[in-house]
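One chain, chain A, links the two complexes that follow: it is found with chain B in the first and with chain C in the second.
Coming up: the complex of A and B.
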């Protein structure tokens, strides 16, 4: 169930922003340059901020303007800046070892989108929802999530792993903005803050990894087994 | 009667906060201040228990106290106290004494995050509490800054963060489902969830439950999502391992149980239970396989945690008053027993200067003071009488001894026997095996390294010989609140 009425123009704006976010996920999946991931992530966050602002405008949940500004600020600027600092310290530009070729990765990503569409339709049917916006929101939310998991699996660099997790959270954030725009503000704020703390923790840990292990490639982390 | 409960909660949450600030700002005697905070938390949790008979929402709707939450808080408090005692002795051997205040600040912060999570009223706040436990405890796991411990810390934070994102998705889906009933803006807390579960679209409730089960199941160490657990539990300092194993896993299980209860109340049938039983049985199986062929002493304990979380999941999965009572009793018993085992393992690792069991021989001569306590603990953790785990495992087995789940109960029994043999075989080798070798040169534990083991063993013995009647009515109350019908 969608909690607000949409006219066709607004629906197309939603679709544009959501699909744009999904395409940027594919950019992250296909490229092997870490800076590309970073830019794609920042842009994705900006698109989501735009979505929040649009929803605030359409629904009258005015606190979402605030959320939009914070999203743009934190997810769009501060987090990428923190990650850029980590990248500079690491002197790593790109993924050296690929588990699968970029082309295969993109294909797997496409398959996960198909899966997400099927799941979204199924949810709509069983919950008796017939709004296409909901189907799209669910599809994009699940696809971005699955692609994030895919990134975690096929990438080896520590920074890629961080970006994979951030991307997953972006997907959830995007979906929740459309599905439950009235979710209490406090929760969203704390989630943003939590993300900031998480990235700070990741950063500290990466520094230790470089200092002690001498690498941030997960290939170097294979001692503990059994 | 509103006054006292607020006071207890204040002590419960502010004592660790005070310990954190003391450790960060004063930086002296942080071990003892942390211990003081742990004692305060223990007393407050004991006083909270009788107050929690009727569920109460307090602190501006932020905290929710009911019997189940208070019980998990008690488990956390017990482990926090025992681990704080043991940490004083364990960290004596740490080469870097300057980082000690940081350790205690993180340690108290870890306890605080778990307490907040188990008292959280809102599903979102609960999720945040669980996430905070991850972020804080990552640095405790990596505290020793060896290659192995950092590897463990990295795997821990990545796997658990990814897993918890599923739980977050589940929470959003549940919130969305609730908004079909209550409109776009409301707060989703545990009581609301139970109240609206029957009215929200069934598919969303199921989806939310399964996502939360997988997400929090990662944190609770249920197989096949347990892969971070042996690494993190084996590479952190022993008191941290005890906290992770004895307290954290229960805190994550709490969320699963509460959402499971909502599906029960909504009349979702047996599917959620069957999935939980499947994961539980798989966990016991994985635990058994890795226990039999284990080489590292703390990894042995870690896989035993996977096994016991599986047993607890089976208890809740079988359901009914008996299954739930068994699972709850098992939580406390496991908290006590696993703390004991990790403390003993930490002492042995210091004494022999290795994690490998094959280099640990003639335990009684090497550790004359604590060897017998540790051996008794090993017997207890395999579920042998007269200790507490025997009773709780028996209760869970009896709960499963019905036509529907008989095969599961039989398989559980077989696996428990395998674990009994496998686990104690390692201890046989460590206690009785090998020629007379010269004594190892590592430091032996002081009295504070042995005292918490003794306390835990005493508790296990009491709980094994006597299941207090007041606890039985207590558990029956929890089972009732979870919607279990006798």
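Coming up: the complex of A and C.
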């Protein structure tokens, strides 16, 4: 776990970046327009890259600078650009069938944040951690993941689903940056290529959906044929 | 003695400057939309006109109809005793209540306006009350949550303590807790002072919320109600500026030049917040009835996130 000492200024920078990414998760949860959703994801990735760079600066793990650049480049530029290309080809602008209203979705998100806080406190008590920054990192990580799951459940568009998955991954990455700052470089590289492959597969899947079902709505996949 | 004078001065400030704030918002909103707009002093003229008119009371109205405007007006006169309007130190009667107490008295005022509106038996009154209570149900929990957040941040429920903390510790001022509480309270400010995206600036029957509640009133009683709602706006601006976002520029000693400076600072600060409100009102369309809960849900989320961020302190 966290080995470096944190002074108040650095702690508040961490808090601002982490909570900023949590706010962007809520933007993704509450917006109807897929483009807003995409921009929020790109911005969240940039915030997380900033977090990596700050950790590198505080702890002296210099390979984290490299991780920060990779994060900004891949998660912040390449993945959104690929998804934007898919979106342009699909002519889908927004979620048409909402399972729950945006306001209700925001409240459900708030409930999951409360749940994450409770879980984070329990983990802290059992693991005997008294650094507040770790509690907050755990909270943000768990809540971004839960909100990502929530997005997967309440959205119907295929593009929303992939963004939900990427959001969950962002949450895990954010948490691991603060909790285990000296994570090997290789793992990070593998993760990034995984994501790239996921998005590429997804592009193929969307094309299949459009060709066979004629829609990108996952509702159309309910019927069993055979 | 000086303290008592200052306290009277606080009430007079709210009483006399509230119409000016309303006039500023109305004038410059029109200006931003490229119209001429009414004069800055128009609310004063409106009040003067209303106080010279005859009172017409519906036959179905009881005594509640008469006392409602008086109670609402008195409530708005009590709240300035509790909050920092001119000085950043507590005055003799300021310890009567904390932030929650002030909120209670503000709500008491609108509660009596609800009673008065329903008492007249007019269908518009009932409709306005039902809408405004609906918004109240959505907004009140967030207000309480914001107060809880401020209490957790400052360790106290007194507005003066919060003011001192924010002035003395910039790291608390720039902490996510405080910034998110500011965002949440700003949304509440828009909702509670009858601004867009929920309230409408045009008074057409289908959109009316606040206006429908006072439709049966006339003459001096209507004047009192109008004045009370302007004072409520001024009080909420005071809390937003002096406790939340711009805690600087209050008199430390309570001397005469200090109070004049504090009045000038108030004009500048309220002008800034009013400009922000005007920009929001111009840029934002009125929401559909079924989307009222969206800005409030966002405020709720921000208040909640503020409490989460408070872990790191």
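One rule holds for everything that comes next: the second predicted complex is superposed on the first by the 223 of 226 C-alpha atoms of A that agree within 3 Å, B and C clash if a C-alpha of one lies under 4 Å from a C-alpha of the other, contacts with A are read in each partner's own complex, and residues count from 1 in each chain.
The rule is short, and it goes like this: a residue touches a chain if its C-beta (ideal position, glycine included) is under 8 Å from a C-beta of that chain, and two chains touch if they have at least 3 such contacts.
The structure presented is a predicted model; accordingly, all values stated were derived computationally and were not measured.
Aligning the shared chain A places chain B and chain C next to each other free of steric conflict.
Contact with chain C, but none with chain B, is seen for A:8 once the two complexes are overlaid on the shared chain. Looking at the shared chain after the overlay, A:117 reaches chain C, while chain B stays out of its contact range. In the superposed model, A:77 makes contact with neither chain B nor chain C. Looking at the shared chain after the overlay, A:106 reaches chain C, while chain B stays out of its contact range. Taking chain A as the reference chain, the count of touched residues is higher for B when chain B and chain C are set side by side. In the superposition on chain A, A:19 makes contact with chain C only, while chain B stays out of contact range. Once the two complexes are overlaid on the shared chain, A:132 sits against chain C while remaining clear of chain B. When the two complexes are laid on top of each other via chain A, the two nearest Cα atoms from chain B and chain C are 20 angstrom apart. Partner chain B is touched in their complex by these residues of chain A: 1, 3-4, 61, 122-123, 126-128, 141, 145, 148-149, 152, 158, 161, 164-165, 168-169, 172, 175-176, 179-184, 187, 190-191, 194, 197-198, 201-202, 204-205, 208-209, 212-213, 221, 223-224, 226. Taken together, the chain B residues at the contact with chain A in this complex read 122, 124-125, 128, 131-132, 135, 138-139, 142, 145-148, 150-155, 157-158, 161-162, 165, 168-169, 172, 175-177, 179-180, 183-187, 201-204, 207, 230-231, 234-235, 290, 293-296, 299.
Remark: chain A residues 8-9, 11-12, 14-16, 19-20, 22-23, 26, 30, 102-104, 106-107, 109-110, 113-114, 117, 132-133, 135-136, 139-140, 143 touch chain C in the complex. Interface residues of chain C facing chain A in the complex, by the touch rule stated above, are 171, 174-176, 180, 291, 293-294, 296-298, 300-302, 304-305, 308-309, 311-313.
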